[in-house]
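In order of appearance the chains are A, B, C and D, and numbering begins at 1 in each one.
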Amino acid sequence: MTITKAPTLPAAMAGDRFAPILAGLSRWRVPLSLLALCVLPWVLPSQALAVNVLIYGLVAVGYNLLFGYTGLLSFGHATFFGAGAYTTGMAISHFGANWFVAMVAGVFIAGLLALVMGALAIRTRGIYFAMVTLALSQLVYYTALQASSWTGGENGLRGFTVSQLDFPGFSVNLLDPVEKYYAIMVVVALALWFVSRILNSPFGAVIEAIRENETRARACGYNVERTKLVAFVLSGLLCGLAGTLSAMHLAIVPLDSLHYHTSGLMVMMTLLGGAGTFFGPFVGALAFLSMEDVFSLWTSHWQIIVGSIFIIFVLYLPRGIWGTLMALGRRP
Amino acid sequence: MTRKTGLSAGRGVTRRTALAGIAGGIGTLAMPWVARAQNDTIRIGFPTPLTGPFAAEANDQVRSAQLAVKQFNDKGGIAGRQIELLVRDDKLNAGEAATRTLELIEKDKVHAVVGALSAAVQLAVNEVTRARKVLYVSISQSDSINEAKDGSRYTFHEALNPHMTTQVVAKHTFKQGAKVAHLVADYAYGHEMLRGFKRAGEEIGVETVAEVLHPFGAAEYSTFIPTILASGADVLCISNFGRDQANSIQQAVDFGVKEQMQIVVPVLLHNQRIAVEPDVFEGVVGGANYWWGLEESVPSAKTFNDAFRAMYDGALPTDYGAYGYTGVASLLMAMEAAGGTDTEAVVDALEALKYDIAKGEQRYRQCDHQSVQSVLVLKSKGAGDMKDEADLFEVVANEPASEEVLRSCAELGYTG
Amino acid sequence: MTVGLIAMQLFSGLALGAILIMVALGLSIIFGMLGIVNFAHGALFMVGAYAGLYVASLTGSFWWGLLLAPLLIGAFGMLIERFLIRPLYGRSPDDPLLLTFGLGYVLVEAVRILFGTEGIPFSTPAELRGVVNLGFGVFPIYRLFVVGVVVAVLVLLWVGLEKTKFGLIVRAGAADPTIMRVLGVDIDRLWLVIFGIGVAITALGGVLAAPMRNINPEMGTLVLAEAFVVTVIGGMGSLGGAVVAGLLVGVAISMTSLFAPEMATIVMFALMAVILLVRPNGLYGRALPGQ
Amino acid sequence: MTAPILSVRDVGKQFGGLVALKGVTADFHAGQITAIIGPNGAGKSTFFNILSGALRPTTGTMRFQGADMAGVPQHQYVHRGIARSYQITNIFPHLTAHENVRVAAQAFRSRFDIWTDRARLAEVSEKAAATLAAVGLADKAGTLARNLAHGQQRALEIAIALVADPVLLLLDEPTAGMGPEETREMVGLIEKLASSRTILLVEHKMKMILGLSDRVLVLHHGELLADGTPAEIQANPEVRRVYLGQSDGYA
């Protein structure tokens, strides 16, 4: 369903008091986000939560490339996150591959699955697109459940703990939370920079045009189906990369990572933060995971708080946390 | 006894349960477990699914674990250090459990971890703890955690495993030449129980006439039951867990299966029994790790029940609740023997430990750290012969602790 | 694999189909008439079951629960529409979907707070216990009763929609609300009633399912998946489609259970994927606006 | 006479039982402004959708610059030189006016480049700015398209088609909903455009059409009723009876 959502692109707005700030924000968005990431582990209650925010932030940004920027609501992106994690884990535990080869394989397989699922799903539109992606991803979930000799089935995949990453000249001890955080942060920062390049590229303009008005984009000479497929695969690769990082971080791959519950989580985080903005999904992941972590310590009924906050956002702050801030910044 | 509608017969007016629910709920709302870690206290991490389908079992485990901690603190703690239980909600999700365990180890600097209530979650916690050489006592059913590829020097399994449960239950329900049908949840835990039942069945000499695998977490069993009824079996083994157990037995009873065959389950779950009417579970036989009715025959059960009643104004411990007690208490006894929290010393102490704190003699086997313990076989009572609301089961047998019912160390992959 | 067993399997498949229709009907009505994807459908189904339990425990009779619970929860549904859904009309079609996603969380947790986390018994009413012999197999009387109620609800809906003035206004309102507004029909009140009816039917499904599946706060999650599969296969907004799809999925599940029972849930999603790839709008669905 | 750049032979379109268009045959020559008129439901939009590739004809062929357009996907049409504007404004609402036109211009420069910064495609951006100026929207470059006034949106509609520098420009009711002043401006613009390209437009404002176009096609019930100069069309009794009404009409 083409979402005529008001994207708060940080493109320079003529004649607004905050225009220079917004322009600066958009031009320097990657270094600014890098600075924020460096501070994160010391602000949040624990490094483990900070790493999760990194990983789910990357998943949300990857997902937002398709949902916020191309306007396609998919409910099956857990498949790519899970596929990235499982491939990395299996490559190490079954084939003894080195961690780098395993991660590259993870991203590749996720991309391949995205190509297949995208090619099938893009034939449909709107809520049917969401349902086809949901159905196809559930098929992958049940296949993983059945193939327990490979994936560990319901118990999840275990036995591929990588405690050290060796690089020429230095090595990272993954058992040390701080070293692990900054190692994963480097990968996430590179991925953010890659997404920023895509959004600023000519291709980035095309996917936004498709989100705005698919028929006119086609009339302007763009092959809409192929462009959607490329966006779908790029988004799948990014979620796959996040999956490989999650495998390295937790040293297990829970079956739940393939379940539509995880797909729903991505949608919630992206919208809580602000779909269609660059920082939005990351802010959404940070907000959601922090709320969940803090509230679940207060009471076992934390879900009622998270649910209510979500309703309030949809009703009164539809642009999400970051989207609303951007909009406030714009209105003089 | 004229049967009013099923609702209120034998359970007192359901309004009471509703009000109890409200009171219980508000209780948990107001009682945050946030306990900032002091420096010298002994901290034990306790991941458990406070939200999700097993929240009731999780709450039982937390209360029993807190009883064990209180008992030790009242005695002045261990080597003068007070003990603190850090409870975290793992939401019955393996990824969440791994994150919570990382937090407990890295931020809260816990000395050991006890807990987790599903096979997937405990294996996730175990993966995090064994890589960091942190002691972990798992307290829920799983066969995989005993196997060499998952086990470790720092992994202990205080719960029953499907293999030992099915061996004992089969011994008391299978008769030579009987026809046995199986309805099994199609996931690791279900397959482990099926494997156990079939191995015991071969030794006793029964004939397997039907094997129906149902999707994990299914709500509808009507399409599986005709095959079972058509198989003409004498015994139906339903190997699944949690709500699947209550749903599958309820629907089997609806189809009149109980008139034709004896229903047997590997584990008779306390909380699933009270989730349905007594007549649904009436006559069903299954295994259990603990039942408060043991207090008539086992002195340590009596002391445990009394301590529990005292602390929780007359409430009784449940099967999964007891795991919380035996898991934490055995760990604290080992720490006491080791005189501190040094992991290597505590592991050695646990391996040498002999303890009888709730259900009779128990000890940890050397190779896979499985707690060798007695296995109960229970039969669910009908509404008629229940003395009161808590009198759910009768004890059919109490198989004493022995290694015969366990898979051999070699078979589990432990060599030498 | 006797003929009797296959006949029995087919019959239980059709009966399961009736239950799936019951489960999907509320979702199909709300989407078909209002274009709203209700992700709180599973939670409302569960709330209906609890309401049925509560009323039955107060009045001591299953029948009062069956009658009053849907009305109570239907009214609750109207409150939801009035205060949470109405502000979203005219905005992006995602917004109701996401609001109800959060609402689902809130409802499940609220029931956990009020009724506790473990299952509560709700037994089959005495008059409907036992089984009846169909010749080729036995079948629980209660499930036949449920099939009967489903058929009754479908006939009631069909007559209501096709044969009455109100039904005409409802269908026209669904087709083109703007023109109806111009013709002086109070669209807001109409949508309030439609949403209420959809939620009431969902709650009725909850009360009917309670004796078969024990009542617990999480019973709604699987129902949401089943309802979406049936609604989407039938074609969004087509009640007739939901009926055909419900029976189709029911029989598919029961036949799969004969040969590969563990595939029973996977077949549901496989069927949905295949049908959507062949007919992108489901069996009878009309194209979405702007297609 | 040079060869026609666009020739249409026996083009027809059927939606199930409904015949929207039947047997339309015509040739169009470079540099001509042709108007297509006819009552509502005469098949004008269907004909336009076929010419712009949005619809596949059920019968007949269409040759553009000598090439048969059968089987050519719609997004290729603009690359072959056929661009169109829409009757109902069909722009990119949440993008700025400049970005609306820039993204259309970019289609000729790069479509799957995910790396270079689009700001570096200077000439694409300049071309868009120039086209915006051509339609009188230079000062509105930074405004979101949905915030533009109706007339300005109609102008943007044409700019998006124009920036493709098409050989054949199809304008679907360009002055719909415009006041006399704006209509006069639009007519001036169309005349300026016509100097270097072929234009087909669908319009209802008779005075404007008769003054502006070199040739008029009259469609009625999906068939070509008449094809000739404005003068011939006005004199044609058949057209007068059907379209211009019995007595007065435009003398």
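Quick note on the criterion: a residue touches a chain if its C-beta (ideal position, glycine included) is under 8 Å from a C-beta of that chain, and two chains touch if they have at least 3 such contacts.
Being a predicted model, the structure only gives us computed values, none of them experimental.
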## Note on the structure
Quick note, more Cb pairs in contact for B-C or A-D? It is B-C
#### Entry: Far-end chain from subunit A, centres as C-alpha averages
D
### Task
Calculate how many whole Å lie between the centre of subunit B and the centre of subunit D, each centre taken as the average of the chain's C-alpha atoms.
75
### Centre-of-Cα separation between subunit B and subunit A, whole angstrom
37
### Message
For subunit A versus subunit D, what separation do you get between their C-alpha means, in angstrom?
### Response
42
### Query
For subunit B, what residues touch not just one other chain but two or more?
25, 29, 51, 55, 186
### Task
Among the residues of subunit C, pick out those that touch two or more other chains and give their numbers.
112-113, 262, 265-266
### Query
Where in subunit A do residues touch two or more other chains at once?
4-5, 146, 301, 303
### Interchain contacts, given as pairs of chains that touch
A-B, A-C, A-D, B-C
#### Entry: Residues of subunit C defined as touching subunit A within the complex
31, 37, 84, 87-88, 91-95, 98-99, 101-106, 108-110, 112-113, 225, 228-229, 232, 236, 262, 265-266, 269-270, 272-273, 276-277, 280-282, 285, 288, 290-291
### Complex contact set, residues of subunit A against subunit B
45-49, 52, 145-146, 148, 152-156, 158-159, 161, 163, 175, 177, 246, 250-252, 254-257, 296-303
## Note on the structure
So, in the complex, the side of subunit D touching subunit A is made of residues 52, 54, 73-79, 83-84, 86, 90-96, 99, 102-104, 106-119, 121, 142-143, 160-161, 164
### Parts of subunit B lying in touch with subunit C, wherever the complex brings them together
3-8, 11, 13-15, 17-18, 20-22, 24-26, 29, 51-53, 55-56, 59, 186, 212-215, 217-220, 222-227, 229-230, 243, 246-247, 250-251, 254-256, 271-272, 274-277, 279-280
#### Entry: subunit A-facing residues of subunit B, complex
25, 28-29, 32-34, 50-51, 55, 88-89, 91, 93-95, 98-99, 102-103, 106-107, 119-120, 123-124, 127-128, 131-132, 142, 144, 149-150, 186-189, 191, 216
